[in-house]
Structure formats: structure tokens, C-alpha cells
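Got a structure here, written out as C-alpha cells. Questions coming.
Labels run A, B, C and D following the written order; every chain starts at residue 1.
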Amino acid sequence: MVEEIGSTAAGDIIINVGPQHPATHGVLHLVITINGETIQKVEPHLGYIHRSIEKMCESLTYRQFIYVTSRMDYLSSHINNHACALCVEKGLQIEVPSRAQVIRVLMDELTRIASHELWWGAMAMDLGAFTPFFHAFREREAINDIMEETCGARLTMNYMVPGGVMQDIHPNFQRRVKEFIALFKSKVNEYNELVTGNIIFQNRMKGVGNLSAADAISFGCTGPTARGSGVSCDIRKLYPYEIYETLNFEEILETGGDSFARYMVRVREMSQSISIIEQLIDNIPEGDFQAKTKAVLKLPKGEFYQRVETARGEFGVYMVSEGGTTPYRIKYRSPGFSNLSALDHMARGSKLGDLVAMMGTLDLVIPDIDR
Amino acid sequence: MTIEALKEKITALLPSVLFEEGGQWPTILVEPADWHKVAVLLRQDDSLSFDFLFCLTCIDWKTHLTMVYHLDATSYRHNLVVKVKLEKVNPAIETVSDIWQTANFHEREVYEMFGVNFLNHPDLRLLILPDGWEGKNPLLKDFEDPINMIKL
Amino acid sequence: MWSFSKISKLIDSWLSVHFSSTWTMVIEMVIAGIAVITLFALLGLVLVLMERRVAAWIQIRLGPNRVGPGGMLQSLADTLKLLVKEGMTPDGADKFLFNLAPFIAMIVAMLLMAPIAFASDFQLWNLNIGVLYVTAISSLMVISILMAGWASNNKYSLMGAMRSGAQIVSYELSAGLSIMSIVVLSGSLNLNEIILSQADGWWIFKGHIPVVIAFIIFIIAVTAETNRAPFDLAEAESELTAGFHTEYSGMKFALFFLAEYINVFIVCAIGATLFLGGWMPLHIGHWQAFNHVMDFIPSSIWFFGKTFFLIFLIMWFRWTFPRLRIDQLLDLEWKYLLPISIFNILLITLMAILGWHF
Amino acid sequence: MFILKYIKEVFSGLQSLAVGLRRTLYYFSHHKEIITQQYPDNRDTLVFPDRFKGEVVMVHDDNNEHACTGCTACELACPNATIKIITKFDITPEGKKKKAIDKFVYHLELCTMCNLCVVACPTDAIKMAQTFEHSVFNRAELTKVLNKPDSKIREGVE
């Protein structure tokens, strides 16, 4: 893949970072041009896990295509499923029972915490600290257990269906979630002790990978990546779906625009998600967990777009229906794809070690980028 | 800005565009030749300032292709959908990656998946598909791949 | 009280009765060589196991527990695995240098063993410039790493080697200066005499805060010199995959791996000798009774206890801290450690001249 | 002033490192916190939640009867063609032909445990089992026939 050697300046060398590289968390392939330790250019080569999910979904019915989206951003699979379910509901104009809405939001926020936990551990591991990874997995494991009990799976749950959720929550759900909240609150301080406050970590992160607010918007960055640059882009606040309007939470904004700001956004977001869960966990309304739907769903002719906020940023489902039982065309606007495009801009001129830190703070999930 | 006000503003600015009804957001139809000019206006006009291109894709309608651009204005929070109809054979359109940098990657994706040629694009190469897939466009409806596609 | 000198004298006299003096020396050297290699292998096995246990407990895991009782034989099994693996040499590599590099790493580590006093009267070579010898030889380590990185013909390896070169050369300075501070205090370059000068208390207790600072700088510098996290930029897994030993496999990799651990052991042994009194038991000034009780514990236990404590310290660092960046690494040395240690050694010299230590 | 700032910087840096070291030392010395599960050894005590989606099984009662009518709702609901139902025609005592399943073929290797078939089943004939150790040496063993030999449909299930 090392092409165009002639076009590089003297002293530049080209290195393939990936597709098998410990810091790319999967099969991302970056062709980087470096001069000494300084990065001149980063060029992503994608597609190592491209499954053409958009094409696959064209042959699946409106009930079936939802499960495939768990395989894109597998760390926020609930939220991906949620977006698809909302999009179908928008087309069918189904009113989702309030119980289902609350359960969905609870699951979304639990997923967000689990995703950020994994990111936190992996991020620290990119910087050479292995221990936080295991500590993060302890809390993530508690969430996975809750998911397993209610949804029947730990990672790709397929719990959201058009009209509500697949099953009612498990009788233990509320107790387990409260236990998790207590566990999380007792451990969250350790994150700061181990990583956030550490002088080495702060020096590695501060002033690295700068992304201005204007650039963040222009590159289409969303989620914590853009919020670290001070761009307000939380879909839950701006274009509220489900019951997010009624909830009391804060959109975390940091203005640093560097890796540390992005790090702090995610760490602080975990606490916001905990606060959302606390507001809802004792107030799950009684009622149906699923609206009555027809056995075969047929969407009217038209176009439907649903934006949601996943752990990585804005996820969009653009669905074109021709009136049949399968979508005519589906486009998934994945947050990672746009966030990755800013990497080259951010990385130029910084050191090789910083590239790893930047990739960590972008929180890349490769199947989400490739789709 | 309300949807009506937005529509009025756009009509005043671009008298030639047509509106399409029924969508979630105001939708305008633009001719391929005009698109770059329109895009510059949408981005730079102070009361519109669509600075966030959050979705860029293409739809294969068998007879023709349609480019769909979803725009958002981060300062006003209004949205606009722009559709551009392209020929089925040798589709080509001006790039907008100089206006919204995110279009760079999204246009490369559309280029390989639908074969749309983006004029003046800085780096129009395959992004996701491996080498040797030039000219084969998987997301077109008439694409056939007997080895990799499993029919249910 | 406890002493190996009786045994060694016994062997020596027995040999000189039966052989000529030349042969006696040859046989004694062979025995010493075998002893060193055995110690090498044992230390490798023990340290790898220790590292894995420390890492596991810090990371709320169990660690190796399948092979042998409580996982004790895990590192033996690992060694066996590495022995039977194919030792590949990449096509584009400089074959001679590529194969030579791990042996140089090993030989350097072995040479460093010579002047270390493992117990009272148990030393391979009582060298009068022991400290100088150790600092000189340990800087040869960088040659093997540079050789490995260059010969691999791999960009990652080369970058790792270059990083390592810059790192070891810089950190040698402050390590040397903090070693110097003890030399200044004890007035000798002989490791044995330095130990004997601590008979009334270890230097870290006798030397007030300046020696504590020197000790901290020494620990930081040797962590960097042995390429261990948080200064493991030469291998920097998440950046350079495995740095200078990316292309090594099988036994050649194992030699690098072993040399790394032996180096850790040696620098900790030097640290223990200089600052914590080597094999010298914990003596406090003129408390004769207390000192006498302490003497009952064999000197080798004191030595290994202190050394392993320092090794634990270095392992503890590794599993707690994130890695530094290359420019920060050099900043730390040239902007912080070096000025502080220069200032510190002036202070210690003043202290030594005025006799302000205990 | 510069010197003071410099010294302060060094000390606050060292302090932040000490905080991290204290935390790891706590875990090093507190083995109660260890969370490792020793999987193959704890097989007997492993408890899976009853909703865990391991594989699709068909419920048979003591009389070797199941509730599957062969309506192919699950086959249609499946997104990956995991289920294939082969039907036959039984002759009822009244001499009428009645559709029944011959083989309920289930391809475990294709299944994504999405639960859509179980939801689609009108007679609750299939459910998700909590087994999870699916490794086999021969891929063909993953293709299973879910209805037991000589089993038949339960009376009264339409």
C-alpha cells in the first residue's frame, strides 16, 4: 500500500499503522508520513471490515433490519437500534407507550456509560497504562450483566423493536441498576486518581490534537469530539427524541479543543448519564412495553430521517421507502466516519505518540466507520 | 427561523430552485450545474449559514441518481435538504468539499459506491473498497456479485 | 557471622591441592560462569513470574495459576514454548547483526553481574573501580538495541532503536550523577567498600534529604535506562507495536526479554548496594544489641530482599503510569532531573566536606 | 519566583503520581477485589439469566409432543435464513390430509440470536436455550434438526 514514494520530501518515511496495530482498536489502516517523529500526513484506508450493511438492509424487512445495526457501532448497539426503531415508528406514525420510552432511554444511557467505560480503559492503554483497562471493565461488566438479564445478550442485544421494546424489563432490573449506580459512584473517583490527575497523562493530553470549533463543524465532527471544541451538538438537547425533553441533564461542553478536553467531556458525560438513570429508575410508568403493530410492517412512500446521539456522536438513519415491506435505500450516517476525517487535520505537526492519543480521544469503533 | 420564513428566504436568494413537499425538513431541488454556486450561497449567507453538512448520500432510482445533502445551521438550528438529480450514465457533479470539509470523505464513499464523479475533488480515490473495484459500484441497484452476495 | 568465604576457601584449597595454580584458576572461573548462568536463568524465571503476579494483582486479576502449583511453573512453560519456536530472520534484514544483537544484550547483562556483592564475602570480582565499571558497561546496552533496530530493516524497529538511543544516553547522566553522590559520601569506587561504609546505617538514612533525592532520581533514571514503563518508548506497544524487537521471535526474542529482566535486577542491585547498604543488615548507629540481632539474618537475604523491593518498586511504576512522549521524556531529563541532580551533588559534596552526615 | 514555581511544579507532579501509586498499591494488597471468574472450573456454578439467548430449541413435553404447526412464521421472520421448515402431510384419522412439520432445520452457524423467530412464533413452540458452548470440530454438526424423532404436534394446537 506504500504508493507515491516519489512525492514525499527528503527525510520523510511512510509507515503503515494498521490494519494490525495495537492502537487502532481493530482494522483501521492509517498510512502516515513522518519526518523523524513528526507527522506530516495521515491518510486513512478503510474498508477492512466493510460489510455493506446499507445494501444488506435493502433486502431485509422493517423488523429484521434493526438487528444488523448492532453490528456497526457495537458499543452503542442499543442506541443504533433505537434510531432505526424510531425511524420506522416515524414512518408508521406509531405512538410508543411511555413505559417503553422510559426503558429505551434507560438502556441508551446504560449503553453510553458502558461505551465510555471501555473507551476510558482503551484510551489509557493507548497511552501505555494497562491497569485502568481492567478497572474499567469491572464497572462495564456490571452493565453487561444487567443487559444480559433483561435483553438476553451482552453486546448485540436487539432489544428495540418498532413500537417499543422486545420484552418487559426483568423483575431484578431496578435493583441491579441501583446496585450499579452505587458501584459506579464508589469507583468513579479512582478514575481521577489513576488517570485524570496524573501529571504524565495531563502532559500527554493537553495541547495535543487541537481542533477549533469551526473546523469541528466543517469536518462534521459530532458527539464528545465536537463538544470538546465547544460546539453544542448534543442531539438529545437540540432535537430531543423520546423523553429527553422532560429530563434534567446537562450538555457537557469543554472549550479546550484538545485531547484533554475531549477526554474530560466523556468522563463528565458518564456522570450525566448516571443522573439521567437516577431520575428514571424509580419512575418507570406502568403499562405496555410495546405498541400494537401489524405483523407485516409497510412504510408509506417517502423519506424518513432520524438523528440520535450515540456514545460517539450523531448517528443518523436516512430511510427511503417505496411503500414496500423493505426499505428502498438506507443510509447510516455514522459518527466515527466524520470524526475520523478530522484526524489528518489534527495530527499534522504533532508527534507519533500523540497520534495514538488522538485516535484514543476520537473513540473510533472501526465497524462503525466502515459499516 | 420557522420553516415558512426559511422557505421565503431561500426563494428570495435563489429564485430558480423548486421546493419538494412532504419531507420532514424543507427540501429544495437544484440542477447539477448550479449546485456549487447554491452551496456557496447557503453556506455564506448570514441569515442561513448552513455550516454543518451532516449527511451526504446518493439514491439510485434506476432511471437516474439523486444526490441528497442534509444541512444544518449550528447557529440557527434550521435544517435543509438539497436534492440534485443526476444522469444514470456517467453521473458527475461539482464537489462541495471546499465548503464543508466533511464532504471529502463522504464524496469519496459515494464515488465508489455509486460511481458519481465529483469534479474538482482534491483526492477522488477509493476509500472503503479495495484496489481493483474501480467501476464496480456496489450500492447501485443493478450491481451483481455472485461470489460475495448471498441471496436469501 | 554467616559467610560464604569458608565454602569458597574450602573449594579453593581443595583445588590447589589437586591441580596446578593455572588449572585451579580455570576451574574456578568455570564454576563462576556456571553459577552466573544458573543465576541468570533462575532470575529470569522468577522475575517474569513476579512481574505477571504484580501486574495481575494490581489489575484485580489472579495471574498465572494453571501451570504447576499456584502457577509457579508458568515461566518455565513460557521458556519451553519460546525454545521450540522458530527463530525467524526477516528477508531484508542484515543477518549477521540481526543475530548478533540479542547475544550482545545478553553478554552485557552478564558482564554487569561481575562486581555485584550478593552476600558478605560473595562477589565474583572485587573490583576497585566497581562503580565506574558498572556505569561504563551498562551503557553498552544501547549498542545491542541500536543494532537490533537497524538490522531488522523495519521502520518501527528503527524508530524504537533511535528513541532508545536518545533515551539511554540522556538518562545515563543523571543516573551517573546520583551514583556519584554516594561515591562522594563514601569516598570509594569499590562496591565492597561502599557497603562497608554503611555499617553504621544505610546511606539513605545517613545522608539526609539530598541522598533521598538522589535515590529518587536514581530510580527514575534506571527505570528509563532499562526501557521500562513509563519510559518504555523503545518498545511502546501502542505506538511502535514492539519497537526494536518487532522482528524477533523464538529464542532470540527470549534473550532480549531475559536481558531486560536481568538489567532490571542489576540496576536494582546497584541501587540497593549504594543506597540501602547491599548485604549490610539494618544497622542503626551504635545500638550494638539491635545491630547484633539484625546480623542473625543472613546477608544474602538482606541483599535479595532489598533488591526485590526495588524491583517491585519498578514493576509498581510500570503498572500504574501511562507512557511519556519522546520529547517529554527528554524534557524530563534535561530540564528537571539533570539540573536537580547537579544541584544535589553540589549539596552532597558540601555535606561530605563538612561532615554533616551521620 | 521562577525557582518557586519550578519547585511547586515538581512537587505537584510527584504528588499526582503518588496518588496513583497509592491506588494501585491498594489493589495489590487487597485480593478480595479480584473479579476473575475461572471459567471452565466454575461450570457447575455458572448461572445464566433465563432470558439469555444461546440457541433456538423446540419445546417438547413428556409425551414427545411439540407445538409447532409448521406455519413458517419463524422462517419468514429470520433475517439470515437460519431456519428452514420442511413440511409433510399427515393423514388424520378422519382421512383428511393435514400439514405438519417433517424437519425443523436450524442452522446455528448462521444464527445471530436476534430472538425474532421466538417473538414471531404464534404457538410458542420454540424458545431460546441458555447453552453457550457451541464449539464443534465439524461445521456440519451446527446444522440441527430441532424436532425430536417421532415427535408429533400436541393436540389442540392450531
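Here is the rule we use: a residue touches a chain if its C-beta (ideal position, glycine included) is under 8 Å from a C-beta of that chain, and two chains touch if they have at least 3 such contacts.
Computed from a prediction, not measured in an experiment: that's the story for all the values here.
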Checklist entry - Taking mean CA positions as centres, which chain lies farthest from subunit B? => result C
Item to check | Geometric centre: closest chain by C-alpha means | outcome: A
Item to check | Centre distance in Å when subunit B and subunit C are each reduced to the mean of their C-alpha atoms | outcome: 63
Checklist entry - So what's the Cα centroid distance for subunit A and subunit C, whole Å? => result 45
Checklist outcome for this item: So, in whole Å, the Cα centroid of subunit B is separated from that of subunit D by 41
Item to check | CA centroid of subunit A to CA centroid of subunit D, Å | outcome: 24
Item to check | Of all residues in subunit A, the ones touching two or more other chains | outcome: 131, 138, 194-195, 198, 200
Next on the checklist: Can you list every residue of subunit B that touches 2 or more other chains, as numbers and ranges?
Outcome noted: 152
Next on the checklist: Residues touching two or more other chains, restricted to subunit D: which are they?
Outcome noted: 17, 20, 23-24, 35
Item to check | For the subunit C and subunit D complex, residues of the former touching the latter | outcome: 54, 57-62, 65, 316-317, 319-321, 336, 340
Checklist entry - Given the complex with subunit A, which residues does subunit B contribute to the contact? => result 22-25, 51-55, 57, 59-60, 68, 70, 74, 77, 100-102, 104-106, 109, 127-130, 138-139, 143, 152
Checklist outcome for this item: Contacts from subunit D onto subunit A in the complex sit at residues 12-13, 16-17, 19-20, 22-24, 35, 48-49, 51-53, 77-79, 112-116, 119, 128
Checklist outcome for this item: Listed in rising order, the residues of subunit C that touch subunit A in the complex are 55, 58-61, 155-156, 159, 229-230, 232-233, 236-241, 319-328
Checklist entry - So in the complex, which bits of subunit A are touching subunit B? => result 44-47, 50, 52, 54-55, 59, 90, 214-215, 217-220, 222, 231-233, 238, 302-305, 307, 314, 316, 318, 320, 328-329, 331, 333, 337-338, 340-342, 345, 370
